[in-house]
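Paired with subunit B in one complex and with subunit C in the other, subunit A is shared by the two complexes that follow.
Moving on to the complex of A and B:
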């Protein structure tokens, strides 16, 4: 029966090619626009580390200005930590895993004379960085506690840097000159790009991860420059690098891995105690206001999904509504032209149910065709978005299977909904009424 | 029927009553078109409003000679690298090149998105609030390189320029600020701010020795983008950025020359991030221009879809009513009155649509203002949007109406 209805649907398309074409185009445009914007929003709001995003917590303590909150409304704690707090909290080791972090940069001087010196970005972190964030290794491993404590000159290279400096070969054990110092390569990452770059969203939530990874205390040891954002509410007391590290300036991030809600609660009370202890030393002039947000809460707090992307998504939903209204109107017109045929079919014994099925198949077919066409338009739309936004959105503008399935389901549903009223009207045509001669 | 021999347009009966009654018999169809028009208007008006807002933002001048300026960074790495000597040598070299108007070491560039900010206050003490401002550190060549004009006071002199170490916290005692900053610090005093003392780091005094007409901070999305201070400093840092202004039309040639000459002059450093200010502007406003392009595309397609929908339905209804139209023509209705029938019918439907549309437009705008802190829409966008959608409807229906008018009266006599 289904096949027969499909055949009838095709006959009906052939009889009204312009109306059918308009309907398919309208659905396709609506689906195309919606899918383009949904995809961008979906990728922007994706969970970058689904297997443990609810166990990773971003650490915030309110070390800010007594007169002004870091944010006034709502009163949230600063988005980064001071050196003092980052190192104190790390030394306490109260979490299952923990890493304080900072962003820096330095010049790499490759030993091969064929490769010019170049500047690379650095992520300063603790050994737990790699297991905490499930960072994939191609060669070697991260460093150990000893390397953190002894401030060893060891480095983990990103895949790109290893490709560039060591032609992609296993470089573990080799040495490499960074910031004028000879470092030992102990690991090389495999391709790794968490989207968003959740562990540090300060310089663009969709930036590439850093080129080099090295022990955190090298910041102090080598006096590595501050990259990323530095924010101070109070001028450092004294001049120079040490004064900066001892200041109330924030330039450091910290994450902890806590397995259970109890662990989280315990860590929170540890933080509160820590801040109270610091208050006795004359720091933390503001009321207690510490925060532990997990990955997705932190992404939400940092407004990782751009406002523009959301505005576009809501506008494109309205666009889809217009396209559906359009389709309902056209469908209604098309069916009303067929009232004679419907009356005849009813008169020769077709039940309302049969007719309902038949016309639902017909509208469904229109929707499916519109959906397929809409997918093509969405692909074009995403190419357009990539063109417009450049490299920033390169990784955020691709369709995956979920999105393709969603597009087809959405278009089918939309068109069947759009067809419901016209179909219902068509089925209610009295058999006799249409058989009278006009 | 009305008198077809005296087709005085206004004297005729426009048949609004019959049109209205006919519409009531096909309520759903008419409602669908009206709703389509309403939603289309809602999207179009709000989209145009966002577009206008964004392009106004993009029109703002940065204050520098954008077409003829570029910048380049030098980062030293060799053990014997001497930052101050290199900077001075580099600047001498660049300034001596043919086609260069002037060059300066600067810590940040307008439109580039990254820079320094400090806070200035008019009274010393931690208890007083400051006004946030971007900081550009320049020497006596700075104003000429940036192409900003003094409106009061004087430029820095070579003896004003101090060396700034990295991690240094104290500031020189002279400062040049923008007129906008002067007005923020000393409301309504404007140029009279010249010579006054402001405080940085809560208590360190600085004297305003100059006021420039206009210069933007590096962050185009910042609310106080016109708040800028210029300090007489040369930075002693391995990483140094040079801002170069060239004679008109020479920028690209000078860019190549600066890059190759600097590369040759010192092998203990690398050069990076050479960019024209024009390129920087494109990057700074890329999100805005992308949003504009997307909204324009969506709007255009939407209007076409709505228009085609109206054409489709009107053609269909013309086909359905062929016999009636033929009858009317046979009874003496003029072609004009047939066209007018369909145009008026559409006008009535559109009117309902644009009234609903006006309400929806306001609702959507309130939502957008609420959720994304956009500005509320200006009132005149709404009547303009209504007129535009009326026109779209009339244009769309005109074709089918013409077709209807061409139906031969004889058609009425044929059996279907």
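Moving on to the complex of A and C:
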């Protein structure tokens, strides 16, 4: 019977093209608006590293002002670390993998005279950065412990920088001048765009990864500038770069990989002991308040999904409801015009269940068509968002297969729900009253 | 075969109660061709709707082909309608966007016949009413008489025991009315019991039994049958009926 119902649905579309067109348009508008905002929210809140997001933990220790909590929140530890804490925690090597990080930038001077010097962003990190975050390599590898310890001038290039400076060739072993120093290229990344950029959300959760990756201690060695957010609760004691590194200013992030809950518990004990030791040295004036949040907890804690994006999503759902209410009205009108046919079908033996199935299939077909049209509108909406917000949301404005399937299922369910009342009414039409009047 | 005993039907609105049928008693035998006449509002159509299981009743007992209807739920009544009853309406009630083949197909779909069986029955019945060469036409492309014959083909496709006709010639001119009446008589002659509501006394006299409904009650007329009706005897075997206008 399903095929029969599909055939009847198409007959019905042909009989009432305007009403059907209006219903499809109403559903498409609602689905288009909803899918646009759902897609942005979905991509914003996606797990950027699902295979191990529950084993990666962002390290926070509360080194902040005794009189005011970080961001005036009494129970929130700072979202970054001081140089002192980052290097101390790294030296302890208490986690399976660990990396402190900082963002910086410098001028690259390509050897080719055809390419002008340009500014590039730098991620300063430890060797574990690459295996911890499953960073893909096109050529070569990351550096080793020796390079970290010896502060070697080695660099890993992003794919884009390698394309630009070395025309996409395997540049491993080549030299490149950065910040006036000659670095040896030891690796080139493949395309890599974690969304959100979870390892450093407080410096732009949807920014591109950095252009260059180099050992962390080069920050101190070369006195590389601070990029990204730097917060201080008291003025550094003294002038200059070394004073900044010794201050209570926070500009460094740290992640650890802990494979089991026991490992996490042990690492937390280590952190608490570390802070207690520091308290004895006159630091950490606030109560003990250390935190280890895994990737998704950290995304949530940092409000990676912007409030206005969520508000937009709920508004679009309300718009969808309005569109569905319109669809209900149109469906009532359509079924009202069919009351003669409904009476006839009942008279010749259709049960209420038969009619319910027939009209549910018809409503579902309208919903499916509305979903397809809605997908086109959603694509247009996402293009509009890209135009509006530029590169920031470039990677968030695309529909994947999951979203396409969701759009069609949402459209189908929404239209069937909207059709329930009209369908129920249609099934309960008294056949006798319709047969005489037709 | 069809027995109604003390049937009472009341239509209610907020302030008005209308007694459409009261103490309505009737027995129809297999093979009867019953013409039901009566003034407007007398309860003829209400009786036909109850007989066709399209409406329920307040009191009384109704047996159709040995089944006590008062104990049947809506789905069971739908099945009975589908299997035992064919309807012919004054305004034909064809579905305008379905061609003749698909219109006749409608009751068969709910019967669960195979595609092959449905095709055989549809073609047979459309041939029987003289429209075998117009199966792909839409109802709007036919005359009123032809549309009514399609409706009759649809009613007969499931080989029902009863054919209920509500003013089947009411929308037709006299020559078309006569040809439809002739078709109904042939169908009855093939063994199908027919109950026909009509305002046309001339057509009523062509049935082999005539009842008069007045104020929701039956008064059977001991009317003299027309010569054609007197010769009218249901046969035991079906035959193909050809018709042309």
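Of note:
In the analysis below, the second predicted complex is superposed on the first by the 434 of 438 C-alpha atoms of A that agree within 3 Å, B and C clash if a C-alpha of one lies under 4 Å from a C-alpha of the other, contacts with A are read in each partner's own complex, and residues count from 1 in each chain.
Assume contacts are C-beta pairs under 8 Å (C-beta built on N, C-alpha and C of every residue); 3 or more make two chains touch, one makes a residue touch a chain.
From a predicted model like this one, the values you see are computed outputs, not experimental measurements.
Contacts of A:1 after superposition: subunit C is touched, whereas subunit B is not reached. When the two complexes are overlaid on their common chain A, residue A:353 makes contact with subunit C while staying clear of subunit B.
Look at A:319: by the touch rule set out above, it reaches subunit B but stays clear of subunit C.
By the touch criterion defined above, A:340 reaches subunit C but does not reach subunit B. Touching more residues of subunit A than its counterpart among subunit B and subunit C is B. Of the two partner chains, subunit B is the only one touched by A:19; subunit C is not. When the two complexes are superposed on chain A, the residues of subunit A that touch both subunit B and subunit C are 438. Looking at the complex, you find that subunit A touches subunit C at residues 1, 4, 11-12, 14-15, 340-341, 343-354, 430-432, 435-436, 438. Remark: subunit A residues 18-19, 22, 25-26, 29, 33, 67, 106-107, 109, 116-119, 179-180, 225, 235-236, 238-241, 243-244, 306-308, 310-312, 314-316, 318-319, 321-323, 325-326, 328-330, 332-334, 336-337, 384-385, 388-390, 392, 421, 438 touch subunit B in the complex.
The touching residues of subunit C, when paired with subunit A in their complex, are 45, 49, 52, 54-55, 74-75, 78-79, 81-83, 87, 89-91, 93, 95-98, 106-107, 109-111, 154, 158, 166. If you check the complex, the residues on subunit B that touch subunit A are 28-29, 32-33, 35-36, 39-40, 42-43, 46-47, 50, 75, 77-79, 126-127, 129, 165-170, 201-202, 239, 270, 272, 283, 286-287, 289-291, 293-295, 297-298, 301-302, 305-306, 308-309, 312-313, 316-317, 319-320, 364, 367-368, 371-372, 416.
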